[in-house]
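Below, subunit A partners subunit B and then partners subunit C, in two separate complexes.
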Partner chain A sequence: MNSMVDVLVIGGGVAGMEAAGQLARSGYSVILAEKEPLTGGHLKNWYHLFPDRRDGNEVGEYLDNLVKNKNIEIRNNTCITGITGRKGKFTATASDGQVVEAEAVIVATGFDLFDSRRKEEYGYGIYPNVITSADLEKMFRNGSVKLADGGVPARIGFIHCVGSRDEKVGNLYCSKLCCITAVKQAMEVHEKISGVKTFCFYMDMRMGGAYYEEIYREAQEKYGVSFIRGKVSEVSQGYNGRLVIKAEDTLAGRPLRMELDMVVLMAGMEMSDAGEILAGKSSLRRGENRFFSTADNHTASNRSNMKGVFYAGTCTAPMNITESISHARAAVTEVVSYLREKKQRDE
Partner chain B sequence: MNEPDKKRIWSEYQKEIADDHYFYVRSCIRQSFFPGSEQFFLHLIRDILGKDIYENPSHTTCTGIGYHTDIVPFQTIMTVVARHFALMKESGYKNIAISCVTSFGIYTEIIETWKHFPEELEKTREYLLKATGREFDIPENMAHTSDIVYKFRNEIASKAKFRLVNKKTGEPLKVVEHIGCHYSKMFPKYGVGGAEFPKVLSGMIEAWGGEVIDYPERRHCCGFGFRQYIVQANRGYSLSNSVKKFESMKPFKPDFIITNCPGCNMFMDKWQYTIREMEGRTYGENGLSIPVLTYEEVAGLVLGMNPWELGLQYHMVQPEPLLDKMGVEYSKSDKFITKDGKPLPAPEKLINV
Partner chain C sequence: MNKFGFTLSVPRVIDYDKNDRSVADLIAAKEPTFRLCIECGTCAATCTAGNFTDFSLREINVLLRRGENEAAAEKINRCMLCGKCILVCPRGVNTRNVLFIARETLSKTNGHERL
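Take a look at the complex of A and B:
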């Protein structure tokens, strides 16, 4: 199947949907290629969003409505594996043999959550009550936070920076969202389980977004979440089946050992596999953090090293939903200018 | 615990272990304190498994303990290790089999240093040549001797006379495995199963019918820690580390401890005596202490060796309760005699007897 459109958007997550929707509103024909059976990306699995704790579905609905546009053809189960460009036309191939031709391309391949099993010392996949932040969101969506044996946890620990700021796993960067996610999730478990005790083990609390600091404060004042500055070195299981963690409380200057019922790993963001595949079969450049590198950090954060190929969202760096949407809109502005200039030149 | 995922971690750290023609380097501690282990290892490899293993009489200490106590500089220890490699080259071997976790840690550290800083390798070549006129090659394959026993664990199981099973109850024996920090904590890729859920000893235990205990302080140091013990003023620190470990494993009721490293074996064995003397505390069942065995000793018992020929009586914690559980027969009168039947002086304060 060979198709020709104005713009191919690769990736149907938040940034890809926003970019496709805005382009379609401006009258451009778009193919939105999503490797999964459904669009929506990671947002589909998220319960409440920070800082206002609104239901993630509301943003999902906004995006679904945005892409319901006659100018957009959504192609699910389509994994674009390579792009080549010639004479201002790009040819993209998918793993199932589909070929799409487009005047311009927006890459919105997003991120993958760090596979927490790689931090072997935390025992994810081995101890059933060690879960990830994404697993906890699923529990929230299903209405209850339960231990593997169906019991209710009385003590829950949140380990920050799992797979981020960690030389051992090769990720030096901060994933930006996991601190605030931990704060939000700790508050939410208090709302679901009365009398629960929660502990966040952090290196620094990075509360860099609007209203983040406020909810961090609320977590302490209203919910009594304990914040302990220090990394957890290992998780194991005691004779009574409870998890035992070892950490260092760097403010008190003491090693610490604690029994918990549940440990939540705040998994970081990594360049997605889909992005990796695309990078391997195109000339798109990547940075040391393995995300796509933009033409200019400040003035061209949507441009790639291939003229006519643009970036939107977390395929370039960790971003929250607000930033992903803004970045996608900025990508659309770039594409529109590029296509106009191209048209003028062609005429 | 989720076994499939644990197995996945193990399967990610599969190291290549040569299957014949080993150049053997001994351990200072093992030769002095429980020489039966090395003796049995050579017998196992040569006579039971039919492999070729060679030791060169000019081989010396690796100087690891001196290095870890800041007495031997890094350049010196690199040259000592290079000399061992030179002996191996001269003897026509390419696969090194290292009988001590401290040495193994030293070898891995040095080989990694040479990989990352080739100028250090060149300097070492020069030092060795100047000092001894020798030249060396880096081994093609480097295994700790427990890696080799691990490799042949199923052959050993197929020849087993006893299994790690309580004869009376039919239940698997509960075993604490302790790999020793220097086996894979520094370079997980050099250890079977990596550093967090290592397989080297647990693989043997499972193959021979036992059950491995996962207890909270499983990864904790045995207490030796070189300076913690060797600097006399720090010995309380060494002891308190061991106490922490014993307290953590006690509720799981281990039948015995299997160790990888001679230092760990000594400390987990002898500190049990010390703690019992100081505080009257013991960590085994019914007021007994937990026997601490090397992997060769365990392999030897499984293969039906006479426990006194293996040298089990030279540990502080005596093995009889374990032998009884396994159904191993032993003679009380032969315990402290030489091979030709002469009496040996019996230690006074053995425990578990």
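Take a look at the complex of A and C:
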């Protein structure tokens, strides 16, 4: 199958859907290539969103409606593995041999969640009651937070910065969203289980978003979530089957040991595998953090080093949904100017 | 009559301007990763010495950085140089070398002959 369109959008998550939808609204023909059987990306797995804790499906529906446009052809199960060409015409190939030709490309390959098994000392995949933030969202969606044996947890600990800010796993950067996610999830746990005790183990509370600090405050005031400043060094399982964590309570200046029923690892964001593959089979540049590096941090955060290839969303850095949507819209502005200028030149 | 009793207690402020921070500078010069510590306490959580005695590498680091050398010197020998902390430090601080150099430097500093 060989097709020519105005814009190829690679990745059907939040940023890709937003970009494709906005381009289609302006009359451009778009192919939206998604490697999974369905579009929607990580948003599909998220129950409630911060800061207002609305249902993630509402944003999902908005995006689904946006991409229902005659100018968009959605190609699911299509993993674009390479882009070649120069300004004017790009040829993208998919793993199944499909070829797409486009005048411009938006890369929106997003992020992958850090594989928490890599932090072996936290016991994910070893102890059944050590779960990730994504696993907890699934439990919320299914309606109940349960231990592996079906019991109800009385004490839950949240470990911040799992796979972020950690030289040991090669990720020096902060994933930006996991602090607020921990606060949100702790509050939701209280709503699901009355009388539960929750503890967030943090190095720094990074509440850098609109209404984040207010939620942090609400978590203390309304739900009594405890915040302990110290990075957990390890999780083990005690003789009674409960989990035991070790940290230093750095503000008290003493080591702290605590038994917990459930431990939730706040998994960070990493450059996606799909992005890595694409980077390997194109001349797109990446930064030290492995995400795609933009032409200019401030003034061209949608431009790549290939003229005519643009970026949208978390393939360039951790971002929340609001930021991903804004970044995607900004990418559309860049593409529209680029295509107009190109047309003028060609005429 | 002294109504306030200020003279009775030794001030417990960290006198940043008076304190001697040259020890910290020397450590950082010899082991630059000393600068990378973010006081997260992972080292102290895993440290055997810290579980039984009043000792925390995180605390030593901050004391040295503030020039509270005497307080650091008082505790630093409790470390057994086992190196467990290196395995967990998220900032890649060469903890054992920091401790080693700190001990050496403190023992050469006036007034800390007890080391």
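In the analysis below, the second predicted complex is superposed on the first by the 345 of 347 C-alpha atoms of A that agree within 3 Å, B and C clash if a C-alpha of one lies under 4 Å from a C-alpha of the other, contacts with A are read in each partner's own complex, and residues count from 1 in each chain.
Throughout what follows, contacts are C-beta pairs under 8 Å (C-beta built on N, C-alpha and C of every residue); 3 or more make two chains touch, one makes a residue touch a chain.
This structure is a prediction, so every number in the text was calculated from the model and none was measured.
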Touched partner set for A:203, first subunit B, second subunit C, both or neither: second
Touching partner for A:166 - first (subunit B), second (subunit C), both, neither: second
First, second, both or neither for A:117, with subunit B first and subunit C second: first
Subunit A: partner with more touched residues, subunit B or subunit C: C
Partner chain in contact with A:38 - subunit B first, subunit C second, else both or neither: neither
Touched partner set for A:234, first subunit B, second subunit C, both or neither: both
Subunit B versus subunit C as contact partner of A:99, first or second or both or neither: neither
Contacts of A:125 with subunit B and subunit C, given as first, second, both or neither: first
First (subunit B), second (subunit C), both or neither touched by A:248: second
Residues of subunit A contacting subunit B in one complex and subunit C in the other: 121, 234
Complex contacts: residues of subunit A adjacent to subunit B: 117, 120-121, 125-128, 234, 236-239, 244
Residues of subunit B that touch subunit A when the two form their complex: 1-2, 5-6, 8-9, 194-197, 214-219, 251-252
Partner subunit A, residues of subunit C touching it in the complex: 38-47, 50-51, 56, 58-59, 88-92
Sites on subunit A touched by subunit C in the complex: 121, 161, 165-168, 203-204, 229-234, 246-250, 253-256
